[in-house]
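Naming follows writing order (A, B, C, D and E), and every chain is counted from residue 1.
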Amino acid sequence: MTLEVVLVLAAALFSVGLYGALSQQVVVMVMMGLELMLNGVVLAAAGFWWFTAPDPSLQVLLVVVLAAMTVEMAMGFAVALLLHRTSGADMTDMAAELKQ
Amino acid sequence: MLSLVIFLPLVAAVVLAVARGLPDAVARWAWVGVALVEVLLVGVLWARYETPAAGTLAFDEQVEWIPGLGASYHLGLDGLSLPLMALTAVVFAACAVYALRESTRPRSQAALFCFLQTTCLGLFAAADLIVFFLFFDLSIVGMYFAIAGWGHGNAQKSALQFFLYTFLGSLGLLLGFIGLYVASGTFDMVALAADPPLVGTGVTGGLVLAAVLVGLAVKTPTVPFHTWLPPAHTDAPAVGSAVLAGVLLKMGTYGFVRIAMPMLPDAWRSFAWVVIAVGVVSVVWGALVALAQTDLKRMVAYTSVNHMGYVVVAVGAAGVVGGSAEEARALAVTGAVTQMVSHGLITGALFLLAGVLHRRTGTYEMSRFGGLAGRAPRYAALFAVAAFASLGLPGFSGFVAEVQVFAGSIAAVPWTAVALVGILLTAALFLRALQRLLTGERGPASAAFADVRGSELVAVAPLLVLATLIGVLPRPLLEVVEPASRAVVALVAR
Amino acid sequence: MAGSMSMGSDVVAVLPEVLLLVGALVALVGGSFTPREQQWRVRLVTVAALVASAVAAGFGLASPAGPVFSGTYDVDTATGVVRLVVASSTLLVIGLGVEEVAGHRQESETYALLLLSSTGAVVLGGAADLLVLVVAFLLGSIPLYALVGQARTGAAAEGAMKTYLLGALLGIVLMAGVTVLLGVGGGEAGYAGLTAALAGAPAGAVAAGAVAVLVGLMFKAGGVPGHFWVPDAAQGASVTAAAFLTTVPKVGALVAVFRLVEAMPAAVDVQLVVAVLAVASMTLGNLAALGQTAVRRLLGWSTVSQVGYLLLPVAVVGRTDLAEPALLFYLAAYAVTNLTAFAVVAALPGRESLEDYRGLGRAHPCLAGALLVSLLGLLGTPPTSVFLGKLLVATAAWDGGAGWLAVVLVVNTVASLGYYLRWCAPALTFATPVDRSPTVRRWAFQAATLGGVSSILILIVVSR
Amino acid sequence: MSLAFNELSSVVLETPLPDLSVLRGVAVTALGVVAVVTGALVFRVDSMARATYLLAASFVAVGAAVVALHLDYVGVVVVLMMLMEMAVMGVFMVMLMGMNPALMPMSMVHSGRRALAAAGTSFVVLTVGILLVDWPTRPDAPPSDPGATTYSLGDALMGDHMLVMMVVSPVMLATIVAGVVLAQAHGRYERLGDDLRGTSRQGGRR
Amino acid sequence: MTPPLALLLLVLGPAVVGVVLALAGTTAGPRGRAVADRAAFPVAVATAAAALGLAALVAAGRPSAQAPFLAGAPLGLGVDGLSAVVVPAVAAVVLLVLVFAWADVREGRARFAGLMLLFTAAVSLTATATTLPALLLAWEVMGAASYALVGFWWREDRRVSAGTTAFVTTRAGDLGLYVALAGAVGGGLLGGGSSTGMGLALADLAALPPGWRDVVAAGVLVAALGKAAQLPFSWWLSRAMEGPSPVSALLHSAAMVAMGGYLLLRVEPLLAATGWAATAAAWVGALTAVALGVVALAQRDLKQLLAASTSAQLGFVVLAAGVGAVTGGTAQLVAHAAVKALLFLVAGAWLTALGTKQLAGLRGAAGIWPVVGGAAAMGALALAGVPPFALWTTKDAVLHVALETSPALYAVGLLGAALSAAYAGKVLVVVFRRAKGGEEVEDVVEHWDGEEQGTREVPRLAQAPLVVLAVAALGLAVLGLPPEVRLLAGVLGQDPAAAGAGAVELVVSGVVAVAALAAVVVLVRAERLPEPAWARAWLGLGAATDAVVRWVLALAERAARADDALGRGAVGLARGVVGTAGAAGSADDRLDAGVRGLAGRADGLAGVATRADDGVDRTVHGVAAGTKRLGGLARRAQTGQLHDYYAQLVVVLGAAAVGLVLYVSLR
């Protein structure tokens, strides 16, 4: 196993997440895509930690990323709920009044 | 002292703007009062003025401001700026008197014009590029409102066009200023003139000069940047036109002698031929197009293009250093400055007189008039005098200016003699205008035309009297200008 | 535990941030026990926190403490300016929003969110460490989503949704970038050591990481490509929120970008990307604003273009001494000027389109004056302070060897003339006023006046 | 929750992993592949519930891989947090949005081809970049003691990176406030009246 | 009174009085104007008389004075031999003409008198100017005053147009003086030349270095030819006959036109120094004498005849300057001034009394008022160059020198002399030949009041100047006679030996004149005098002038249209920037219309400008439309769809990252 393998796997996760974020209509599903992307970041960070960086800062980064995952998820639910309440929409393209 | 002279009208403007309950009559007379005080103060400045030593300014005032940028609040006068200060004071006073009979929002108008006066005075006294630019842009804003708020016809559109054009020009100017700063580390005009940056840099100097020139050329205006001028004048109120033509246009030409020439001597010499060519084209084109106009105000507007063209020719010729005597070039620059003053007085008077037409009849169309000399002999006399002054008849300031411009320019660059066609065309077009307006059969708009009244006469006559005085006794003016123009010529020749 | 030795002094050094946080807590907790009609007390607390923070920032500015918290945070002039600008901007936002927010069912929460987001913006500006940068990004962003959505209208919800989704994606991009930078830099996160650590790292990876971090920050700055939410949120959210989100986050974000670019090794020419993004922002913002008729959307696009101008000094970081003062001055000037424009909008509820402002000069000369000052300011005309900002920025660009950026700035300014004047001109004609709402909100009115005056005064006083 | 966390982590921490780098490599790679595959399946299945389970699986795989890389603490946290989060998501969908996750088949995709192309391109570009870059290597041997690793994390959090944690706490606060502000259907004044005494419901402004 | 003060007063006195009178006559209220009109002529005549006295004073004292004007170029005044002769002569004519006008002018008297005095001042300054600025100043004021005087009856458009023609044509020539002034500056005369120490002095011009000297000479020559109505500038003088007769008598005989010749006499050394300029002047003068002589012979209008004759007679002065016959030229100038003033006043008297200046209407007019008739006879005979009248000797004083230069010039000059005799004879025959029989009388009377309402009287006051001038027409012959001409030469500082005509030439020219006169008398009585149309139409000069004017006006029209298009294009650009679709659309329409309209008229020089503007238009149009499109594009990206935002974001991010990575790696 080398760093490249881990990074490629992380890149794959990132790209899969990106696909989800780009293709999904439902807000919650888009969030899932985003989470997957972060998943890739986590894997990459761990890989870097193992292979290149003895510094604990990458661990701290991982903690921060996890915190970010959580809070973003929480906000995502809140926003989705708000959207649902105000306009009965759960899809991004149902809320596209503001444009140009 | 200088700051007081400059900011007194601003104070008046603020007071006038804030005092909402002020009766119209009080506002009008307050403006007249401020304008007259300004004339007095500038007179005091003139009386106390002594030609400053080379590289210094009279009434120098400097206060630290943005030291990190090498900029400061720096004011001062010399032979180039003092006459224009005086011109500003006089033209604004004439406008104030003329506006005594204006009925549209007189308080706001008085405030706006007081504000404009500060910007004009400040610009001519500025000794720092940032201060200069500040007043330059503010004058645009002020004039925009003067046209949009008190104009007629398609005023909104014309004002917008004016703003767009001159603002574009001002940005060019700003770019040029930045270039000067980057090369020298200061915005101080005295320092920049004393030790010009960008000497021998070729392309960079040329580009900076080009940026500055575009800015000044739009304001002056020269062909092909002049197209904002006719609509702006046509739709502007009389006082607005008088200030625009009388004072604001001078900002462009003043910039040539104050900034472009002394601060970029190297580039100026290299590109003098461009300036001359633009000047000559402006002279001929402006006169030619003016000849074809049927609208009096548009015609006068185009003659401004022509008259400012003389200035451009002269300052361009002053940059052709090889093979011409320094006296000739100094003569050209003196002529240019004289022309600025002269054009301010005469065109100011002409626009006010055009305003009288509009006041009475609501039109500037010359074909609607005719035979006014019978109904309104005083108007006819004033207009005839102004017209002859404008076409450069000896005895008026225009002649003093033009003869110097031509003598100096042709002596330095013989082919500028082509521009002489301009004075022939101007003669033709003004005589045609006289004929259409004043003589011959009485036209439909002349029928009930009332002759000029008190305030109108008091507004216009002093301008023409001054133009005549300068024409007959030019020495007091020229003695102020000549040392400065010699200095400019020496700076360009470095 | 080398850090704990200086803990006390470190906390003192970040007193302005702490004051903001404390203010947020007090507002939040106190607010939940305060009857609706007494919420002005919470407002007072918030204002007190902001004023205290600004005062503390002023003292801090007089004697910057340098790096604190083991070098992860910089208390220098830039941080001081960010603190001052953020605090005073938030004050102005609260001022212009008094009528809109007062009595709102979540008034105290609004103040808490404003304070929290402000704290985030300040920390973002002061962060001298990639990890702090990430958390500051989160702290700044999360309250923003709530502020946008708080109006609870369809448009607000949509704006919140877009803001959130873009913020989340760009946050991920930011974290990905940080991961790469930490990975190749041997885990070095502090800017002080980053330059050296990255100098030996593979340039390609550093470049990719830096671009990712930069683009991530563009969400907070509201510049291309993170600009999409700005016009939508500015239009959909309440005026108060719109004024806040187009002003305060940018202050921190741009200084953060500045610090980041400064920390990147010279071999990786991040400045180039910044320059490209700057040009893209200003051009896109101006072009898109040209056709707008809704005032808040127009202002939203206008801020996109302003970010482009603000990025100019960042594009010449390290190549001229003018870059930092130019950025800081422009930020301060921009904040005041932009908020003045929003204050005018806030003072005249119900006027949504440019046409609604026709004849404003006659009906409300003072507001028209403030509008004129703010729009001319955004345009960059004297005597407003943004003029000097623009001048500084262009000068810095030229001085830093990027004269072409100055030219692009000028060309863009000309283009922007179109829409600023399209608002200004009808407002200041003496045409018959369109009187949509005879009531003028007093607090917002005063905020507008104050903003207009200070926008001019900054030029005269601060630049001394 | 904290109790479960402590137990689980202690179990994991006390289980010594075979220090065989080949095995670790295989494990990490395999877990990574699992994460990618389950992640990809998230967008292939036709119900939100399954998507949620698959996402959780992906996270668990990555968490395990992280643990395999001797980042035991972080890895466990990943697993635990993500499982919790997926549970919340399920609750959220059923309770608040009225969706029955098991029964609602769905295919809510737009411009899938464009997304696929973008994702594919990004993967190719990233892979090419990863393979071309001459990655640095750590000067010393890989860490062998997970306990020391966790200790160094704690040390960093309490020392040089203290500010990070100090800021994370207001982030959490902000999340709570913001989440409540957005999600709350009725504010306290609707519930308790403008004077908060719960007596008069005036309906309130807005 | 010191001579320098007298000199200043000579110029300033009439100027000030003139300005005051003119202003009072136009701008005062009705009552004030009435007072001014009543006082005008007494004041004016008194001023003129005083001026004559001052002229005599300065002629004796030869003072000089200067006033600072431009840097190194003052206004210099001075009286030398030449001006000592000319200034009093002009002053005398002014006085006489004003006396006549007192009786003749009936409306706008103050304005008239004022303008005449202003003009007088300008002439005095022209005659005494010693520096180029002073000369140019006076020269142009003279032109402007002539405009005001020719167009004096401003209610009639054609008279004002005539003034415009006069001013513009002479100003076209004046441009020469501007060039000359610039040339002198270029030649280094600013600040003082060698001989005078005064900047831009006329006396220093001859000593200029060759290149600039030629420029100056050319400029002066053109200016002088323009004022002197020499070929090809003669047409304006014909139009100027629209002015009142006293104006013609002063401006178009003694003063303004004469000043053209005078200037050439004054700068004769300059002309001689260049060589070519002298030759050119000589030939232009000689040819004008012949060509305009033919024109005069063909005229049927008395004033037109006199105008053409003025050009022709001044041709001799110009010829004199060209061949260096300064003495003869001066004598011719002075004598012609008296003679032509007389004839114009006579024509004016008849015009006022009979209401016509057509020769057909003046048949036998000499008999009606004997004094007028006698004066007319004296004048005509003098004009004819018949011995012993004035122009006989003076003309020969010129021709004598011309013969020394070139026999061809002499021959042409002699032909010109014969033609003068011929047209003078025509006048004589017509005005003295009584109409016989009722039918002929009716034919004559039918012409009366054709141009204005005649008064049928010639007041005594109007007759008095005629008598004085008639005496002068006879007496001034002495100027060209050998002893006196030497005296004159002495006064002028010329070589007395070379001055004056030889006896042979006097006899020859006398015989030629008498013969020509006799021939014309015969031909006119037989009514077989040829009056070719081309000559009656002033050699087509009028048509040519009209063509030039039309061409310029057409050019101006084109330029104006092109300029409007330029402006529209700029507006289009502005609108494009503003970008509102509707506004931009209408601007487009207007642009299109402008482009179409311009394209339709693209021809000639203006066509080139138009095409250029067309290009500008297209460019501007393109930029405007482009900006508009870009604005739309920029907004289209903001679709409102989140996934589009994401896609764009990813693309930009990818492009930025890949771009920078490639840039950094490949550098």
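Note that in this section contacts are C-beta pairs under 8 Å (C-beta built on N, C-alpha and C of every residue); 3 or more make two chains touch, one makes a residue touch a chain.
Given the structure is predicted, the values throughout are model-derived calculations rather than measurements.
**Student:** Would you mind checking the shortest number of contact hops between subunit A and subunit D?
**Tutor:** Minimal hop count between subunit A and subunit D: 1.
**Student:** Let me check something: if the centre of a chain is the mean of its CA atoms, which chain is farthest from subunit C?
**Tutor:** E
**Student:** Using each chain's Cα centroid, which is most distant from the centroid of subunit D?
**Tutor:** The most remote chain is E.
**Student:** Which two chains have the most C-beta pairs in contact?
**Tutor:** A-D
**Student:** Just give me the whole-number Å value for how far the CA centre of subunit A lies from that of subunit C.
**Tutor:** Comparing mean C-alpha positions, subunit C is 26 Å from subunit A.
**Student:** Starting from the mean Cα coordinates of subunit B and subunit E, work out the distance between those two points in Å.
**Tutor:** About 33 Å separates the centre of subunit B from that of subunit E.
**Student:** State, to the nearest whole Å, the distance from the C-alpha centre of subunit B to the C-alpha centre of subunit D.
**Tutor:** 71
**Student:** Approximately how many whole Å separate the CA-defined centres of subunit A and subunit E?
**Tutor:** Each chain reduced to its C-alpha mean, subunit A and subunit E end up 92 Å apart.
**Student:** I need the residues of subunit A touching at least two other chains; which ones are they?
**Tutor:** Subunit A, residues with two or more chain partners: 14, 18, 21-23, 25, 30, 47, 49, 52-54, 56-57, 60, 64, 67, 71, 75, 78-80, 82, 85, 92-93, 96-100.
**Student:** Out of subunit C, which residues touch more than one other chain, so two or more?
**Tutor:** Answer for subunit C, listing residues that touch two or more other chains: 131, 135, 138, 142, 145-146, 149, 152, 160-162, 165, 169, 183-184, 186, 189, 204, 208, 231-232, 288, 291, 414, 417, 421.
**Student:** Any chance you could list the residues of subunit E touching two or more other chains?
**Tutor:** 577, 635, 638, 640, 642-643, 646-647, 650, 661
**Student:** Any two chains that touch count here, so list every such pair.
**Tutor:** Going through each pair of chains, those in contact are A-C, A-D, A-E, B-C, B-E, C-D, C-E, D-E.
**Student:** Give the list of subunit E residues in touch with subunit B in this complex.
**Tutor:** 23, 26-27, 68-73, 133, 136-138, 140-141, 144, 147, 151, 154-157, 160-161, 163-164, 167-168, 171-172, 175, 178-179, 181-186, 188, 190-191, 215, 552-553, 555-557, 559-560, 563, 566-567, 569-571, 574, 577, 616
**Student:** Please output the residues of subunit B touching subunit E within their complex, sorted ascending.
**Tutor:** Interface residues on the subunit B side: 157, 160-161, 164-165, 224, 227-228, 230-231, 285, 288-293, 302, 324-325, 327-328, 330-331, 334, 371, 373-374, 377-378, 380-381, 388, 393-395, 399-400, 403-404, 406-412, 414, 417, 420-421, 423-425, 427-428, 431-432, 434-435, 438-441, 474-475, 478, 482.
**Student:** Okay, in this complex, where on subunit D does subunit C touch?
**Tutor:** So the residues of subunit D in touch with subunit C come to 129, 132-136, 138, 155, 158-164, 167-168, 170-171, 173-175, 177-182, 184, 187-190, 194-196, 204-206.
**Student:** Can you tell me which positions in subunit C touch subunit B when the two form their complex?
**Tutor:** Its residues touching subunit B are 322, 325, 376, 381-383, 387-388, 391-392, 394-395, 398-399, 403, 406-407, 410, 413-414, 417, 421, 425, 428-430, 460, 463-464.
**Student:** Taking the touch rule as given, give the residues of subunit C at its contact with subunit A in the complex, in rising order.
**Tutor:** These residues of subunit C touch subunit A: 130-131, 134-135, 138, 142, 145-146, 149, 152-162, 164-165, 168-169, 171-172, 175-176, 178-180, 182-189, 231-232, 235-236, 288, 291, 297.
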